[in-house]
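Please find the structures below.
Common to both upcoming complexes is chain A, partnered first by chain B, then by chain C.
Our next item is the complex of A and B:
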């Protein structure tokens, strides 16, 4: 059995809570001007746990694909040619911004985190998956369509009881075992940074950008 | 003191390590321009291995965004003069 990592890629509920706390604090330190991860505590009748809840990152604004792809020729503009019109700017902001919410929920059956997300227009109209996919960078679609480890489904949010989109967790422990397991079977995986490591992968599939500093263990 | 070469001239040594059951490359160390994006490393691996689905990560820690600059990855996570990049094949559903 030498050379094989003994860890199975999962994490305990308490490790999830500790890692969530680490992610929240680091995100705040690195991205103070962005929406923040917030721990939402809750209680389910059928599970006994000292503390239970999920991480929420909400109101992430994203320019819709139509706005991003509009041709711009900024270098050729001079102040005289492009008068600034506040009314026009606000109008297009409302029409072309999409808003995203991301929740990280612990799965007791798979013993891994699961990402739930949804998008909607500024008028509150929810986005379908085909609309969301247009907002994502090209490499996101590539990863989602090609990798057998990530596929999206629509499921009932375990705490909010309405449908959200989610990345199915059945492959998570396999690739987390590779990612954090390392080569030394005697070395314990770094559970405190489990969520930031996990998020570096799932974030790419949903266009949620994770800053490099989040992985710097000296911070 | 000699002037430092501009960032665009800096090359980074990347050491590619197979993990899981991924095939091992004959040549595992390469130089890549610092101001290239990480997606160049991913694309290189895909061409060399003739596989599309790869799981690529750094330092038993995280998977870099494809548009991160290689020089930023090296400056923050490189050691011993190189950036170690691990790769594995994405498993098919069993």
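Our next item is the complex of A and C:
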């Protein structure tokens, strides 16, 4: 009957906020033991408006693959012996614990969510993409190499104004259209679950362990 | 409250017990801190080396396997460094960010960084802690017990930062001894434990107390637990309650408390004259008090009497170790901070996106590695250079003998008004400079050189200079992969064409008429590749052998495509009476140069991606809109266009055996006689025509002319 309105795979800013809330709750219900998503409202011109913001998942610890840590710092400096203090515990240093932060940010120009992420060592030194790739599980690199939808680049975080890694959003609306709008094009797609669906795909690319239940709309 | 803990094997004597060992603080510096320090240094501080008050942040341990850190963020640095005058100004934190005061000594040179007297800096901070203890400041602002020190050297040219934290701890002599230590769950009964958890969670959830890391835990006799700020000490004494001294413990270890306890114990014993101190190492999980992770213990502390002397400078430890050794740390942020690097990755990103989305066969490495020589830095040279940079080409050499004239900047896109002043800068040099201004990572070089031209005889005293120029040009051709012929005369194109034909280098010509243009790629050279430069004079037999080989090659691959001169039936000296392009034609419609230059660059990209490269056959555009197998489309030989018609066509022309520049005759003669041959061509106007038999050809052509004249009288066929 007439032309049905074909959904183009994008979502509106309001839908993003609603879907973010839904994702946060779902995640809490499924993964209470993992770090949680937090909504960070944004300051624009000193006005904090909850109407704009992003989702943050921070301090995901990841044991890196055993690193034969080639120290990039100059080890020429002759290290002195620490003065003996019997009240100081001698600790084993763990250079191989990496910390990851993930942000889900809405892109006004593409009208889709974009995943920003970064990794760093325990002392705060940022990880380069090649180091991050070593941390990712094998299925993730397979996806990144084979899929024409995934392209990792370094971009300026729109709110924090420093470089983060991101998955380029220009293909997102295309595959979201397939993912959510595929079966019944005439029916309006379920916008509330947009982010959960999106994250279940995108998360795999960056090795974020996404539980299957996230797909389940009954939760 | 269990008075004598059941689980530990505490000796009966109060003085026995092992030495209490504290887990040192670990630092975590977010790269935003370094960014902010860099801009502070560059914009505001300059060479000022005064110490800067900073704020660290930490929170109680929230993970059973990982300790929490003393974290520095961008906001750790003061918003306005003039607030140095009010160091008590503290950043308000939240439950995950307890603010801790610190001080930063950032030096201007590496030498002064190494020259800092670390011992006295540490002692100075320790003295401040001692003073705060006695003055009562700790009760007001307990986080000052954990004040820290940071020394750094920011190398803002290389974007590397050397830094070293110290977490000053007053050293007790004799050291504190541990009487017992156990998980908090085991130290209390169920009721007490529940009440304690509730009290802690309340403390943690209130914005008034969430970021206060030291507190009193008061056990009322009815097992009702409350958390009280340190300044309520007196009030708590009155009730005769059992008191525990609690603090946010960043450490996760089950057998050791974290560093903040060290100064806390010193404070408690000095301020309230206690020797036996019960403490709570508060740790949490998922934002709630975790009494399994948290520890309760009892320590014996006796501070040295000397500390009570106001002049005393206490002994302190606390420099952070790097992998167990006393050494500073370095972080290099050039990749994300150096603007030049950022420009490079942004430009690369653009091309990579192109490759990812539409052109998977785009070979960016080839483009980045190809060495391009541009002969001529005028309207064509400037524009070709820019187009090449847009394609990711990084190695560009420009050659021109002239200076920037006042009329140049409007048409020649690399020059500005400033380049014209004082007689005008050398074009090649100004062009290379301009390329670097646009994109600092380009490897651009400008060379002042006049290309020797045939038919322009040189006086004897200049012969050596011209010879040097020829050799110089030849070596430039040899050391590049692609040569663009972008000069404004026909004659100046001859020598480069010969060199390219001899060395089998990719040559692309662009030439402009008043309102028409030609862009073409030269065919491969006639004799195949030379193993070394052809300055060597060869004997006839070698040349003959090469000619024979080339004929075979020609046979296998089809005929060679022509060069710029192949189509001409005149030698390159006669530019007055024939209507070819380049007739001293420096007046052209402005739109032509950009169009022709863009086409020249696109043509090069096509060649570089073609499997046969210089040997690729010439293709013409067909009216059939076919989905070409080649992702870059067809690879034409010649493109001729005109603006009056807004039209363009692709043509193919084959090499001519009589070509004065690329024919077998000419190239082999050059190989045989080298520079001598070139000089003869330069000095003797008709030499090339004679050599190639063009003279003969013209004679026979004019002999036909008469017949044609007769025939035009007939008005037979039209």
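We take it that the second predicted complex is superposed on the first by the 179 of 219 C-alpha atoms of A that agree within 3 Å, B and C clash if a C-alpha of one lies under 4 Å from a C-alpha of the other, contacts with A are read in each partner's own complex, and residues count from 1 in each chain.
The definition used in the following text is that a residue touches a chain if its C-beta (ideal position, glycine included) is under 8 Å from a C-beta of that chain, and two chains touch if they have at least 3 such contacts.
It should be emphasised that the depicted structure is a prediction, and the values quoted were computed from it without experimental measurement.
Novice: Should A:33 be classified as contacting the first partner (chain B), the second (chain C), both, or neither?
Specialist: second
Novice: Thinking of the overlay built on chain A, is A:122 touched by chain B (first), by chain C (second), by both, or by neither?
Specialist: second
Novice: Tell me the contact category for A:25 with respect to chain B and chain C: first, second, both or neither.
Specialist: After superposing on A, A:25 lies clear of both chain B and chain C.
Novice: What is the contact status of A:180 with respect to chain B (first) and chain C (second): first, second, both, or neither?
Specialist: First partner only, chain B.
Novice: Do chain B and chain C touch any of the same residues on chain A, and if so, which?
Specialist: Residues common to the chain A contacts of chain C and of chain B are 148, listed in rising order.
Novice: With touch defined as at the start, can you tell me which chain A residues reach chain C in the complex?
Specialist: Per the stated touch rule, the residues are 32-33, 61, 72-74, 77, 79-83, 85-91, 93, 95, 97, 120, 122-126, 128, 148, 151, 153-154, 160, 162-163, 168, 170.
Novice: With touch defined as at the start, can you tell me which chain B residues reach chain A in the complex?
Specialist: 19-20, 39, 52-53, 55, 57, 60-68, 72-73, 76-77, 86, 88, 90-93
Novice: Looking at the complex, which residues from chain A come into contact with chain B?
Specialist: By the definition above, chain A touches chain B via 137, 139, 146-149, 171, 174-175, 178-183, 190, 193, 196-197, 200-201, 203-204, 209-210, 212-217.
Novice: Show me the residue ranges of chain C that touch chain A in the complex, using the header's touch definition.
Specialist: Result: residues 19-24, 26-32, 35, 63, 65-66, 69, 71-72, 169, 171-172, 175-176, 253, 256, 262, 286, 317, 319, 321-333, 335-336, 342, 345, 349, 352-353, 356-357 of chain C touch chain A.
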